[in-house]
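Before anything else, here is the set of structures, which you'll find just below.
Each of the two complexes below includes chain A, the first together with chain B, the second together with chain C.
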Partner chain A sequence: MTPFELMEPQTLQEAVGLLDPDDASVRPVAGGTALMLMMKAGVFAPTRLVSLQHIGAQHSEIGVSGAGELRIGAMATLSALERNTKAAEAFPVIARMLPRLSNVRVRNVACVGGALAHGDPHMDLPPVLAALGAKVSIVGPKESRDVAVDELYTGYYETVVGRNELIADVIVPAMQSRKAAYLKITARSADDWPALGVAVALHADGNTLRDVRLVASAATAMVMRLTEAEKILNGASADDATLKRAGDAAVAEAPIIGDIRGSVAYKRELLRVGVGRAVRQALSSRPTH
Partner chain B sequence: MAQVGRGIPRLEARSKVTGRAEYTHNLRLPGMLYAKVFRSTVPHGRIVRIDTSAAAALPGVERVVTGEDIRKVIPEPYYGPAFHDQPILALDKVRHVGEPVAAVVAADPHVAEQAVQLIEAEYEELPAVYDEVEAMTSQAIVHEVLKPAGTFADLKHLAGKTGTNVALDFHLTRGDTDKAFAGADHVFEHTFRSQQALHLAFEPFVAVAEPGDGMVTVHTSNQTPSFVRMEIARLLGWQENQVRVKVPLLGGGFGAKVYVKLEPLVVALALIVRRPVKVALTMEEQFYMITKHPTTFRIKSGVTKDGKITARECEVHWNGGAYADIGPRVCQKSGFTAPGPYDIDHIKIDSYELYTNRTPCGALRGFGIPQLVWAYECHTDIIARELGIDPVEMRRKNILREGRPQATGTKMKDAAIEQVLDALAEQMPWSKPFDRGTGVIRRGRGIAIGFKASISPTTSVAIVNVSADGSASLNMATTDMGQGSDTIMAQIVAEVLDIQAEHVRVMHTDTDITPYDMGTLGSRSTFHMGHAVRLAAEDAKAKLAALAAEAGLPPGTNYPPSEIFVKRYGMRAGNVIGSGTYIPTYQSPDKTTGMSENVTPFWMIGGTGAEIEVDTETGKVRVTRLVNVADCGTPINPRIATTQLSGGATMALGFTLFEDMVLDGGQVTNASLADYKIPGMHDIPPMYNELVDAKQSNGPFGAKGLGESATFGVSPAIANALDDAVGIRLTDLPMTPEAVLRALRAKEGRPLEDDA
Partner chain C sequence: MSVARTIHFTLNGRKVSTEIEPHHNLVELLQRFDLFGARESCGQGLCGCCTAVVDGQPVSGCLYFAVMVDGKSVTTVEAFDADGALSKVQQAFIDHGAFQCGFCTPGFVLMTHQLLQDKPNPSDDDIRDYLSGNLCRCAAYPEIIAAVKAAARAGR
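Now for the complex of A and B:
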């Protein structure tokens, strides 16, 4: 690790001002759990790190509105979200996912904004928020803009967040009568990065599924909606044949990558059954109201 | 109160959880420098050029050192317990990716690390060999010259075969297997493979050398301090009393930290820069130090129609990696148990230790036994299933009973193999019906048993010092690396001296004052050091009695020791020093037949029962219950003994289901904890541990070792359960979900299709 400059701004705007749109060696750091690993491994050598710790207090609120909308400050830690009873009541899928996200030491320092901005397709939070239809507000030097989480990613560790932009908030629309599930399949130890993640949120009118949002992660280079599979599920009932067709459609549309956790052929089979399992898990989940 | 047999918590537990425990990693000496290692990027090649100029020019760099520079302080800088084949830094050739080629010394470890990035090396690449079977005939020769070390009694015959990659071949022949196969009702033959994996102690390798006046002190995380002293003295051409080795607690060892590892490097660097030097490896660097042997084991058995095994042939190829380390002993000592704990008249064993261009392979909890049990217990189960014999019955029919000769001819003694099998069957419980399921999730169960000989003949020495106030300290070189040796040795001292174990002070190794011990390895300490400690305490007790007599007290006096000292010396003064030395008897296996009347002082027996669930759509195996049973004689501390069972089984579970060093063109592609996973809390299944009621008649207080026993049977028990659940038989480790799904789909006639 070579020496670098560590900046500790007091405001979000100040932080944005310290970032450099043209220099990849200047980066913001929130919890640092991912960035420190990259630095230790020699994959990333910063010239300047802009620590967001001092602005954390202003941007870590977690609140559920009367209408059931969840707003999370980007500097909220994952364990703060895990322990937030209002969020857990309103979004049981988030509460079920968090205890298996890495380990408690990581969750105690890793922040929601960093988990979204990092762009590693193996992370658990992005697919769940993408399935729930969440959006982030991104602050830049001149203006801020909202981007849907499912449109945040452009490739492996690539996002639409500019080098001089920061995620400030996450807004998750109310669950209402939706049901959701996140299926995490690990091929090795239970705390391994997943070989496949499948997140789904949907409405169920009796037996008929509608507004299905189906998202794949980990087995693909980036978090991505499975729109062809969604088309099959929307308006259909969750019977074996439909779920199998949806699984096949997902396999046909998802560009799967092989790695140490499984070959392309193997991960295809995981996705083929994973889609149906995620939908079933969502349907059997506890209703929020 | 009896001290032996008490299930007291470990004496050092409180200091560990409160952060007070001493580890080499915490050591900072005045003026100490740090070294970082530049490593080979090619698996096999001649060194053409090493350019260290940019590294040496970096501000803050004290010195850049290459293999040739090492020669200035150590002219013959090759080390190793079996062969003197490993250079401190590469000379002429590199033999595996990750081999140390140069080192940078600096006051700031980050500067040293940055300078390492500036070193450039050019190699003329040579053909490489990675597979142990290919290494038998490969034209790629890893070592042109072989240099046997001649250090250990059991490896005196070691010669190697020049011009080949064979470091050691061990052969055993009893009876006539060819004839027996011809007369058998059935002959079965299978080949099983196991993968390269590693220890991954939580405390990576670390050592500090501190040059002194005509001497050097080495602070190190090491399981064999006495050997470190001997080997450093040999390398320097010094007397042993010029080398001082200090070993505090270890954060895990598992066989990785045996013999010498970083110590020759830190000593050479410290002598070159004349300052204390520390080398602390990262987790990632551990992938290039020492690993578990990959093996290929072809096993063939002749069996009667009612399931009696009449003949067995074992051909084992051990992948030793680029340097022999202790691999030759794995090949021989584990090799002679390759037919398993079965009573078989006709036996042939051919066991080969091979050099390849991989990270070296050595001792890892079980010392090769888990690789063998993996094969022979899967093979045994396949035979039982083919013949329609219950797997427990099949084993009972063939088991090696008390007094019967093992493959080497050594008669079994105090080996509770049948008791372990019975306990397994009872705890499963095997006779009860078992629900195998019908849907996507199927269930199965399996068992396996294994055994291991102890290392022999090796020596342990202990000193018990009773101070004038009656308090006792124990001085020994057994290293407590988490297995609880400090505690049980204190219990032995306390038992003999009739005091509380908690009041015995156990000193950590300092070879200036600590006597010799062969090493904390191979589950030998309880038996060997346990005896030495018992003898030392008995000696102290006898000397206390003599002191009482000198003081004019009647024989059998109940005066406490503190008063005996006052009576004898007129005030609180003096010491009683008891010492004890232990070495068991031994007969080396015959060079041609492999026979020995006395091949081991004791046998370790371990058995595993597994219940599993298989997800037939993902191939994921979930172990729902593990039953670990072992014979450790009469445990000194039943509580610690039981934790050794859970620990061993958990470690073996990782090797069974997912741990695997993946190699691509000689490069380990997953050399980090992000990509090489070990079991975590959520992976540990409910376990039932049992120590069978037994006694090792020649052991201290009836005890013997068990640190490895729970590792033996885990892999085959799970493979047998998998066969039981879904009718597939995997022959390669690890049994990943993908491997299971591929086998399932192949069986269904719709194999997974890979892209072209």
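Now for the complex of A and C:
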């Protein structure tokens, strides 16, 4: 890695002040696992990194409210979330996803906020949180704002988070009677970056699907909702014909990208069958209470 | 401007301090203390050869900024036989021939210590899951799993 200036602020506001809205070579760094990969690959050479380590303790709390809402401080590590039994009980879909997200060592260091802000469409956490209807609170130099996770991404490694803004918290609305699943398809080891991620959250009203939120990742340039496929699923029953039509609609609306984990043609077929499998997985998931 | 800074941390039970530049990783830091058990191999956090334990949690040294250990406690594989005797995990690896070339072994030994701390009686699945991020290119996996179970029986 090439040399850079390191700043270590003690507060969130101080950190925001050290960022530069006009300079892409100045970046915040939380755990640093993803950023170091980019730096080692030579695709990112920062002039300045603003380390969030010293403010981590104030922003890493994980709690589930009485009503079942999950709140995660952005500096919570992925393994802290994995080990949090209350979060795991309230959101089994998150608990099931985390053990296949990279390995123990990376999860011990990588942070929830970084996983969301990095904008890499191959990450596992963003599609799950987007399907669950989570939002993030973003702190800037003047004010804070809330943004839904499914509206966070604008392109490949591109987000609506400004260069001088930081994600401070993640809020996930209560599961209530929803069911959810995350289908992760890898082309190599089980814990590899996925070739396709499909996350879904829905209400099952008898045989009828309602309030379906369907999110694709990894096969697409960014984490994105599949609204056309959602329209087909909403109000329908999860029979073979409907799931097939939803899969076809997903392929028609999603901009698929090829990479070393699969060509465009391959990922298109993964998505076509993945949508139905994710919905079936959600329907067969255990209720949360 | 990259400016070297002084960091203070506990290394294998000993308080140490050194100057380090921000772009160095934990493996490079350990090398300055003549500790070569953690080796950078894949450089992407996938293989586990660079494993070190920071504040009781295993990390990939190749993906960990050295400055982040400031004020923390670092343990490397060299801590285990510091008193001249091998740890039960190390002995189990030898007894079961759980390596051929040995390049990946420090990472496996550290991860096994951590696994047994969290789960003293791990199942096969627990072992495979916990060690999935450690690669052995000699493919001594069956012997490694046997060694982990033997170490668990021996109670570390």
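The definition used in the following text is that the second predicted complex is superposed on the first by the 289 of 289 C-alpha atoms of A that agree within 3 Å, B and C clash if a C-alpha of one lies under 4 Å from a C-alpha of the other, contacts with A are read in each partner's own complex, and residues count from 1 in each chain.
As a convention for this text, a residue touches a chain if its C-beta (ideal position, glycine included) is under 8 Å from a C-beta of that chain, and two chains touch if they have at least 3 such contacts.
Keep in mind that what you see is a predicted model, and the values were worked out from it rather than measured.
Asks: Would you check which partner chain A:37 touches, where first means chain B only, second means chain C only, and both and neither mean what they say?
Replies: In the superposition, A:37 touches chain B and chain C alike.
Asks: Taking the superposition on A as described, I'd like to know which of chain B and chain C A:146 touches: first, second, both or neither.
Replies: neither
Asks: Between chain B and chain C, whom does A:2 touch in the aligned arrangement: first, second, both, or neither?
Replies: both
Asks: Of the partners chain B and chain C, which touch A:260 in the superposed model: first, second, both, neither?
Replies: In the superposition, A:260 contacts chain B only.
Asks: State whether A:189 touches chain B only (first), chain C only (second), both chains, or neither.
Replies: Both partners, chain B and chain C.
Asks: Classify the contacts of A:269 with the two partner chains as first (chain B alone), second (chain C alone), both, or neither.
Replies: A:269: touches chain B, not chain C.
Asks: Quick one: classify A:79 as touching chain B (first), chain C (second), both or neither.
Replies: In the superposition, A:79 contacts chain C only.
Asks: For chain A, which residues lie in the overlap of the chain B contacts and the chain C contacts?
Replies: Comparing the two interfaces on chain A, one with chain B and one with chain C, the shared residues are 1-3, 37, 40, 103, 189-191.
Asks: Given the complex with chain C, which residues does chain A contribute to the contact?
Replies: 1-6, 8, 29, 32-33, 36-37, 39-40, 49, 51, 53, 79, 99, 102-106, 108-109, 189-191
Asks: Can you list the chain A residues touching chain B in their complex?
Replies: These residues of chain A touch chain B: 1-3, 37, 40-42, 103, 185, 187-193, 195, 260, 262-266, 269-270, 273.
Asks: Residues of chain B touching chain A in their complex?
Replies: 110, 113-114, 117, 282, 284, 617-620, 654, 657-659, 662, 669-670, 672, 674-675, 677-680, 682-683, 736-738, 741-742, 752-755
Asks: What does chain C use to touch chain A in their complex?
Replies: Per the stated touch rule, the residues are 1-3, 5, 21-25, 43-46, 48, 51, 57-60, 62-65, 67-68, 111, 114, 129-130, 132-134.
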